[in-house]
Amino acid sequence: MTLSVKDISLRFGGVSALTNVSFDVQEGQVTGLIGPNGAGKTSLFNVVSGIYTPTSGQVFYNDHEISKLRLDQINRLGVARTFQNIMVFPELSLVENVMIGRQSRTKAGALSSIFRTRKERNERSEAERRSIELLSYVGLDKKKDELAKNLPYGEQRQLDIARALATDPKILLLDEPAAGLNLQERVSLKALIKKLNAMDYTIVLIEHDVKLVMDLCSRIVVLEYGNKISEGDPQQVQSDPKVIAAYLGSGGE
Amino acid sequence: MLLKKYGNIIAIAALVLIPLVLNDPFLTHMGIRATTAAIVVMGLTLFIGYTGQISLGHAAFFGLAAYISGILMKSGFPFLGSVAVATISVGILGCIVGLIVLRTSGHYLALASIAVGVILQTLVKNSSITGGPSGLTAVPSPSLFGWTMNSDLAYYYMVLLCMIVGFVVLRRITDSRTGDALRSIANNELAAQSLGIPVFKYKVLSFTVSTMFAAFAGTLFVHYDGFIDPDRMGLPISIFFFVMAFIGGIGNLYGSIIGAFAITILEEYAQGFGNYNVLVYGLLLAIVILFLPKGLSDLPNVIQRWRTR
Amino acid sequence: MLRIKDIDTYYGHVHAIKKISVNVDAGEFVTLIGANGAGKSTLLKSIIGLQPVKNGSIEFLGERIESDRSDAIIRRGISIVPEGRRVFPDFTVAENLAIGARARKSTSAEMQEDIDKILDQFPRLKERWKQKAGTMSGGEQQMVAIGRALMGRPKLLLLDEPSLGLAPLVVAELMTKLKEIHAAGATILLVEQNVTLALRVAQRGYLMESGEIIASDDAKALLESDAIRKAYLGIEH
Amino acid sequence: ADTLKIGIIESISGAAAAYGDNHRKGTRLAIEEINNAGGFNGQPIEFHAEDDRSDPAAGINAAKKLIAQQKVDAIVGSSASLVTIAFTKENERYKVPAVNGQAGSPTVTEQGYKYTWRVNMTDGQLDSKAVEYFASQKGAKRFAFLVENSDYGKPPTQAAADRAKKVGATVTAYEQYNRGETDFKAQLSKIKETSPEVIFVHGYYTEGSIIARQIKELGINATLIVNMGQGVPKFVELAGAAANGAVFPTTWLPGLDNEKSKKFEEAFKAKYNHEPGAFEAGTYDSIYTVVEAAKRGGGSDPKQIQAGLAKLEGFEILLGKISFDEKNQNSGEVRLATFSNGKIVSFK
Amino acid sequence: MENVIQQLIFGLSVGSTYALIALAITLVFRGMDVINFAQGEFFMAGAFMGFVFHVDLGLSMWLALPLSMASAFILGSLLERIFLRKLEENANGLSLLVMTIALFIMLRSVAQLIFGSSAYRFPAMTDGVLRFGGIQISAQYAIVIAATFIIMALLYVLFTKTALGLSLRAVAQDKTTARMMGINVSRVNNITFGLCSVLGAVAGIVYAPIAVLTFDMGQLIILKGFTAALLGGLGLVSGAVLGGFTLGVIEQYGTLLLASAYKDLVSFSILLLIILVKPNGLLGKKQIQKV
């Protein structure tokens, strides 16, 4: 067991974004997190990645409590995320965007860069090579020198994934990675996630594309109004009347 | 093309040769003024331009180091020792101040930096070893190995050399992993942090380096002018440095140098307008902002865009 | 109602829209589809004057608008749900909706009527009425953006991927709603990634690729066309 | 013969601009008079003026420019002490004399520069004289100070406070304020508690006039002494009735009974439409001093002027007969004046 | 006890002048998302306009005040048209900020060219001193305090109850989207800047009798106004007023209890402490960034 969410509650003034949510993420699996709009999915990511401190409850990563850590510390432990709202570095090129992700896995300090030591130069060119490789995962290597702000919406989301991967995470939290992609592009995304999963990344996926979630995930957690209303494998969840009422609808897509 | 490739060398050659060829003591003097300012502005650019933060208190660090170095040398310390002690101690102070004020950001950081500036200024103004409000007078000129530097031209070359070294150092920082981290903070602090970048640490680092540049420039200033008073630590001077950084082109080290030279020249040129000098200075400033919102260093691009139109 | 003739749009040197012509007649429901980076959003931006067009002309209700200021174009009776939502983060839901009615200078009775309809459509917004839009969830923000556009009672409604981030049920309801307001007389231009859905609700469609229109036809015909099937639908199921 | 070229450094803009105005009026009148009377050696004298923006560094710029580029023979200025303190180093270095007729800080001449001369008295001398007079002649025992926290306000009043203690009076309070402030009730409340007989205010007349008003508002009953810089008609205009009875030490004031002063007053009023004050007189004197020095030194060369300055003993200017001490500081007579019904009159 | 209250009143009266400037800063910040460094100069310009109408032309205050307000509006919107309009397209907020610095330099210098370097007296609207028992406050300060609260109320209504206020705030948040809502951004900015100039004029005119008129009277007050606006919570109308009063009281007691030479040190240290504890000002709410 890698990630374990225990009794998490999160309140903003009167608004209860999460209420006593608990679940575990198994190593090497793709876990889905679904639920209606405003159910608290993103908030849960924000708690796990350290952006929000939970009002109560804890998050454990490999039996190590991380709910009190800063987000950069959590990232360094191996938890990376993408954002639902675009959060690329607009004024940096694509390759630079991804290279920022390499920061936590590189070491050179200000002094060694002032003296341009060989080690520093090697490390830097290695980081660049790796970044371009990661860009090719999401099909953006040809645009590597473009500024991120000039990318169309869909591609900015892809860039976000490459950037998160650059931190060499063990767990990857993806928040609606398919939003803004057309069907064909969703197919590539699906392939990418499968590939990553095969490469031993543990993945947590928030998506409103139910088909994508059902195809990819071995386990699914369903939230509604901040409460966990269901959990299980795709079959179980899909046939859970509570989930159908709250989220899937009886018609089905 | 040629300019791009040999631009640096041409620029350095010009900076070295022009004062020598023209041999106008006043021009040399303005050169010293501009290069000294450029050192502050380059450091400020690291913090404002690259890291995306704001400081309106750098003049206090500039002035404080000037005082320290001046007092040390007056009390018998060697030149290099005074400069080093002043720069390093102010750098340490900068680090401590950074640890405190960088908890805020945006306009509140601007205010916090102003507050720090005012506090330091008031302390200096009311202390007796600094000469109080009357300032520190008769600060000795630098002397190296028993040779006293009292030629302006020599001083100019010394400051110029410092500026070039400072430029190279900053250039290497900004072109490195550290520079990447700083720019990511300027772009999106939260995203940067979620990618494992210790944002606060980098901000403090950037602030400390920039205060050290200001401090170093302050020592160069005081041993040249031989005089400093508490007003030089004040908000107007901080704003002045800030404007230089902006006019040259924020987030661009060449811009810092261009900005420092341009404002120094602009101010001096405006003198020709007698009573209207301040108005002319303000107007020219406004015109630059209006037509070159990305600063003077953007001029080539603007011209090119204008040509292709 | 909207006649776009041979326009070009550039981002610096990037030629994002290449000599495109698009017509939307009064009362029509038209959709615009295409891959990432095809130029769909750019076309919408060009229509409302946010991205200057180089050549050609844009007519709205018989008048040339391509060199008008954006706000003036909007005030002619156009509303937009922009890409990336762009709600006003410091405004509450209430204020965001109110500002949507600014261009038209609605009376307060009209506004109340519109608000009631919108809250009916998105009950979630009622619960969040006084919350700052910037703190809302992605889908909630999308609802605000859609509601805000509807507040303008537009003659022409432009939607840039309105389904983005919405839960499946909400998307279905949204499409029904769009049909409804279309039936009530509004003209709609819809940009969507969810091609099937878009072509099901719209009457006519344009297919864009690298800044050009490569096909345009009846929605049904497009849905069945080989080009679309190959590019978008062939792989489904 | 060579033309005499004078460089003028004055604070046209910045914090000391009001005093730069005095400087400009005084010096220009003198130059005009001299040139109308045939100039120096039959040639009109030339001048180059620079704005020091009330900033010492800008003052150094100005001095470098005037000396190195304009090749002036002497510098007159500046209105601001700190500026003068900073730039006179250049005069020393290039051996070009500087003559000051307005700056008040003792440090200007205390630095001991050979090429720096001052014809007016220091504020320290003036303030101390005023305090001494009140302590010994008027039997005042309790003095409170309210001064601008700057080089302008502090050093002279500290000297004056020391003098007060020396002559057996007590200093009940020594409060400070910053340039530009407009409310002094906190300081005045503290001062009021110490029930002083005299309140000495040293600063610009803008703040000073407000202080005078607020002293009345708080009902403090003490004689107000202000520094020379405030002893101008503007003070009355700004302070209104509150100015009445305020006393100030000065080097010169209108209505003196001597030919030179009368002529100056007339010419000044004709040119500028208002009465001159001590600063206009001092700066006017500084130009005459340079020209006379050139005459006595035998030419317009900086060296000759410098030599001539040393020979000026006894030369009569508005401020009295010149007598430089070993630090080139002129001494002179301190007069006390007061505001009476809106007019400046001698204080008895 | 009486003295304590008296000193508090003194502090509050000084604070009200800070609050007046802070309110205008708040207006521009809410409307244009920029700190207007030229606000002190609008204050100065307004005071001089009042002086010209009231003293030079001898008009009664009832005429001079509206005339000054009208001229101030014209001045403000003119400046916006010439110097700021072109920058609004440019997303870079710093360029607006630096432009207000340039405006500050220019306005001040023009005032000096017109009115010279010397000071002028603005006659008090009333000379009276109000007394409550042993406690006194000059009537002019009472006018300033009244003006502060009136402007606060007006701004509050503007921001929360009017369509213009809504547009103004929308423009400050996101100009492009504001345009998509059919808002004429340039016109809104023009009005905002005009209004901030009007506020400056009102502040200048009610304050001028307390002090004196000089071309550089805006210099110190802008720093205090800026400080007050942030201290209370940037962008909040009530924050500007609270910040102004707080700063005034802090200064008053700082001067009373400690050496007056260290007054700035005391007040800025307290300020630094406050913003470290409350990084969004006294009334500002903690911003939780939603991602």
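Labels for the chains are A, B, C, D and E, by order of writing; each one numbers its residues from 1.
In this text, a residue touches a chain if its C-beta (ideal position, glycine included) is under 8 Å from a C-beta of that chain, and two chains touch if they have at least 3 such contacts.
Note that the coordinates shown come from a computational prediction; the quantities given were computed from them, not determined experimentally.
A.B. asks: According to the touch definition, list the chains common to the neighbour sets of chain B and chain C.
C.D. replies: Touching chain B as well as chain C, we find A, E.
A.B. asks: Following contacts chain by chain, what is the lowest number of steps it takes to reach chain D starting at chain C?
C.D. replies: 2
A.B. asks: Which integer distance in Å separates the CA centroid of chain C from that of chain E?
C.D. replies: Chain centres of chain C and chain E, defined by C-alpha means, are spaced 42 Å apart.
A.B. asks: For chain A versus chain C, what separation do you get between their C-alpha means, in angstrom?
C.D. replies: So the centroids are 29 Å from each other.
A.B. asks: Which integer distance in Å separates the CA centroid of chain B from that of chain D?
C.D. replies: 35
A.B. asks: From the mean C-alpha coordinate of chain A to that of chain E, what's the distance rounded to whole Å?
C.D. replies: 46
A.B. asks: Among the residues of chain A, which ones contact at least 2 other chains?
C.D. replies: Chain A, residues with two or more chain partners: 12, 42, 51, 83-85, 87.
A.B. asks: Which chain B residues reach two or more other chains?
C.D. replies: 125-126, 190, 275, 278
A.B. asks: Residues of chain D that contact two or more other chains, please.
C.D. replies: Those would be 13, 149.
A.B. asks: What are the touching chain pairs in this one?
C.D. replies: Those chain pairs which touch are A-B, A-C, A-E, B-D, B-E, C-E, D-E.
A.B. asks: Give every residue of chain A touching chain E within the complex, in rising order.
C.D. replies: 12, 42, 46, 51-52, 83-85, 87
A.B. asks: Okay, in this complex, where on chain C does chain A touch?
C.D. replies: Within the complex, chain C touches chain A at residues 11, 14, 33, 35-37, 41, 83-84, 124, 128, 131, 135-140, 142-143, 161, 164-172, 193-196, 231-233, 235-236.
A.B. asks: Residue numbers of chain C touching chain E in their complex, please.
C.D. replies: Checking each residue of chain C against chain E gives 48, 50, 69-72, 74-75, 80, 82, 86, 88-91, 95, 98-100, 102-104, 134-136, 148, 152.
A.B. asks: Going by the contact rule at the top, pick out the chain E residues touching chain D in the complex.
C.D. replies: It comes out as residues 3, 6-7, 10-11, 13-14, 17, 109, 112, 116-121, 129, 138, 210-212, 214-217, 219-221, 251-253, 255-256, 259-261, 263-264.
A.B. asks: Which of the residues in chain A come into contact with chain B in the complex?
C.D. replies: Result: residues 49-51, 70-72, 75-76, 80-81, 83, 87-92, 96, 99-101, 103-104, 106, 108-110, 113-116, 120, 123-124, 127, 163-164, 166-167 of chain A touch chain B.
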